[in-house]
């Protein structure tokens, strides 16, 4: 098998960082700390590179071609740096205001339909659009879960009596949902762990160390 | 790592075992099948069967568009899905348009196609049977734009060749030239993109591949709006089994089968401890 | 038509919330009494945690999530809520004399808002000299470096109270569990339901989902913010009303899908 | 000065938000154009501010070394800058920049490996938290335990071979009680987000007014 120097070096470097991260499960140590400091530098550089590319492509080049309006966001971006100057720190409020204003507008528009109206519609249709008795029962269970879960988040009444009972039922639904979410993520992370072990065994130990891949 | 205190009963100690034992046990259990695979059986689920059927039922020469948005850090979870699916495409003489929607995905596409799937080994030629389009941050509006005007979003392929000069793309510029949309994503809520931009407006046949944790979000759309889906490496393995293309998923599945046992054992110990403390008195 | 087809229900809902906001915010401004709120135990746990941090001579950690500085996305409200908590915790730490380490999100554009808020907390308590700029930590892009950075900080500087409130993806399971293992007290929550499980399982006290918004208003001690909780309840009643209308219309055979599409 | 410091930013915020809402609720093309312009601006603003993070990181690193000027701390101080420079230089020096094979090598050897390992480590943190909390202590914790364990077993290939009932039960948990509880949670969180949003546009959100 042809040995590629860069592949072998990549396996060594990769294994170095994989093991560095994993050692944090044991306890804090200088090896982990070194890996962590290295990756901070690397990710900031990665982010800076991509963002600079965006600034050049989306602002500087178009500005040089006459799209002068783009000077505004570019200057707003520069204004964030006034945070570093004690007397002019307040200027940084302007870019924040533009970003939050746009963000809130986008949020309100997207949330009303997707997370409220459509959810209400789906709750009704789960019951009435069902074609079998089982689906209808499931639809009713979903509706009960939705309504009781909402009552759990009622804050202006103490959770006693009927509201208390409803909130308690809602909490059971919520717990099942949390358990299922945990399981979905746990099995995914298990796969990731196995993937790293395969890398360490097949690529690093067998390939780079023993040369038997 | 646990705090020290007065002498504890057996029940208490069972509930307070140092987590590092759990970590170590799980690691050992995962390593065994990697060193010595067992080939434990796999049950193929309905969404995987639907997924496979949606592909193999297409007449030869049909065009599949692969909206590819995977991330390097998540390759372990998804590699089996990609490789098995792409092999099936080439085995069944389908034409494929790969378009990248995430920065990492172009790197993954090139690596997996060139080093593992190797379309040329199936007698497929670039530009005639498949094309690779570069990274563009599409999002939902970009998906909508792709469906209506491919050249507006991707004027060239990854090599800088204008689409008009690529034989396969000559007559394809929107959804009308696509027979199946294969949507690949890692952000769970993105499933709605394909429903809203491909299935609802154009009634396009769709399949999806995603992470294991996104399965719950995809399931409600199967089989009415999406013909099948693979969520996580487990379903990737199912496709490997179903299509007869063994790949990285088999070892993953074996290691998963064993790797989870450590956790289950500790859950059992935790509950024995709880019940023991409640009903057993001093252990 | 000046209203886009397909947004009628959205607009109706928005109008209901705007009217309720106008009514209850004015009521709050006039100093009138608002309905009292049920207790949220995790709020009291925050000051308990700061006290414990002082006793054990460990710092308080505050995190908004690796991606918790989103100012122009659909999650902006969660960012603002974490900012409200940042104000509260910085004031509390200044008042009680605890060191506060803030683990900032990767969105650099949110840094001015975060730093100003933390600094003002100390200023309002009359202890601006206690604010330490080097305790505003930044780790670069993504959950990978953030999770490592925060874990390293726990190990190096110790962890008393670890308060995590905001937008969390796959970044909270490591930081919460590591704080727990290193003897810290976890309090926190997120509005992203898919990650709430991590808080429910790893925190000593949790804000379940929407509770972060209600608690954010409570800790602000501002009547205007508190009136928001009552406004939310009006919205919930409206949701129940819509559900009831939907069920009745469906029961009499109307196409509910088409009805709600307006 | 107070107007420039307090009122004007709030007015700008409200104007931006209202323009976005007009683009959503009205069919007029002009508002859609404005929306497109403003949203593309946000990307430029955010991208331009990217060096701010580097400044804060540098200051914190420097102060930590200053407080504890040991040799090991010096190594921790230098390391991020060394790797920052390495990535930056490789990322701009070779043809193709961030798409060059050299940069991709760095990315796959370091960035990809650390990213994948962080996800992997979470398997253990989730496992230890489950050991602590998945008990039969109350109805609620039993619900958590059942939801978690049954759906876990459903996803592990071996278990459905011996217990085929896990498939329908696992999927039922996912598609019925999980959807019910989750939907309630989504609606409530959305409601709260809307109220915060309206208050912000109104200029009454204290976090924005005071900051």
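Order as written gives the chain letters A, B, C and D; numbering starts at 1 within each chain.
What we mean here is this: contacts are C-beta pairs under 8 Å (C-beta built on N, C-alpha and C of every residue); 3 or more make two chains touch, one makes a residue touch a chain.
None of the values given here were measured: they were computed from a predicted structure.
K.L.:
Average the CA atoms of each chain to get its centre, and name the chain whose centre is farthest from that of subunit D.
P.N.:
It is B.
K.L.:
Report which interface contains more C-beta contacts, comparing A-C against B-C.
P.N.:
Of A-C and B-C, it is A-C that has more C-beta pairs in contact.
K.L.:
Quick check for you: compute each chain's CA centroid and the global CA centroid, then name the chain with the smallest gap between them.
P.N.:
A
K.L.:
Could you put a whole-Å number on the gap between the CA centroids of subunit A and subunit B?
P.N.:
Computed from C-alpha means, the inter-chain centre distance equals 18 Å.
K.L.:
How many Å are there between the centre of subunit B and the centre of subunit C, using C-alpha atoms for each centre?
P.N.:
The computed centroid separation for subunit B versus subunit C comes out at 32 Å.
K.L.:
Between subunit A and subunit D, what distance separates the C-alpha centroids? Give it in angstrom.
P.N.:
Going by mean C-alpha positions, subunit A sits 4 Å from subunit D.
K.L.:
Taking each residue of subunit D in turn, which ones touch at least two of the other chains?
P.N.:
24-25, 39, 42, 45-46, 49-54, 57, 107-108, 111-112, 114-116, 118-124, 126-128, 130, 132, 144-145, 149, 152, 155-156, 174-175, 178-179, 182, 185-189, 191, 193-194, 197-198, 200, 208, 211
K.L.:
Multi-chain contacts only, two chains or more: what residues does subunit B have there?
P.N.:
Residues 19, 23, 26, 73-76, 212-213, 215-216, 232, 234, 256, 260, 263 of subunit B touch two or more partner chains.
K.L.:
Two or more other chains touching the same residue: where does that happen in subunit C?
P.N.:
7, 10, 14, 72, 74-77, 80, 106, 108-109, 111-113, 116, 139-140, 142, 144-145, 148, 170, 173, 178, 181, 193-194, 196, 198, 200-201, 209-210, 214, 232, 236, 239
K.L.:
Mind pulling up the subunit B residues that touch subunit D in the complex?
P.N.:
So the residues of subunit B in touch with subunit D come to 17, 19, 22-23, 26, 40-43, 45, 71-76, 106-107, 212, 215-216, 219-220, 232, 234, 237-238, 253, 256-257, 260, 262-264, 266-267, 269-271, 274-275.
K.L.:
Please output the residues of subunit D touching subunit A within their complex, sorted ascending.
P.N.:
Spelled out, the residues of subunit D in touch with subunit A are 5, 9-10, 12-21, 23-25, 37-55, 57, 72, 75-76, 79-88, 91-92, 97-98, 105-114, 116-124, 126-127, 130, 139-141, 143-152, 154-156, 172-191, 193-194, 197-198, 200-201, 208, 211.
K.L.:
What residues on subunit C touch subunit B, complex-wise?
P.N.:
Its residues touching subunit B are 144, 181, 183, 194.
K.L.:
Can you list the subunit B residues touching subunit C in their complex?
P.N.:
1, 3, 19, 73, 188, 213
K.L.:
Show me the residue ranges of subunit A that touch subunit C in the complex, using the header's touch definition.
P.N.:
Checking each residue of subunit A against subunit C gives 21, 24, 27-28, 32-33, 35-36, 39-44, 46-47, 77, 80, 82-83, 89, 92-93, 95-96, 99-100, 102-104, 106-113, 116-118, 120-121, 123-125, 127-129, 143, 146-147, 150, 152-159, 174-175, 177-179, 181-182, 185.
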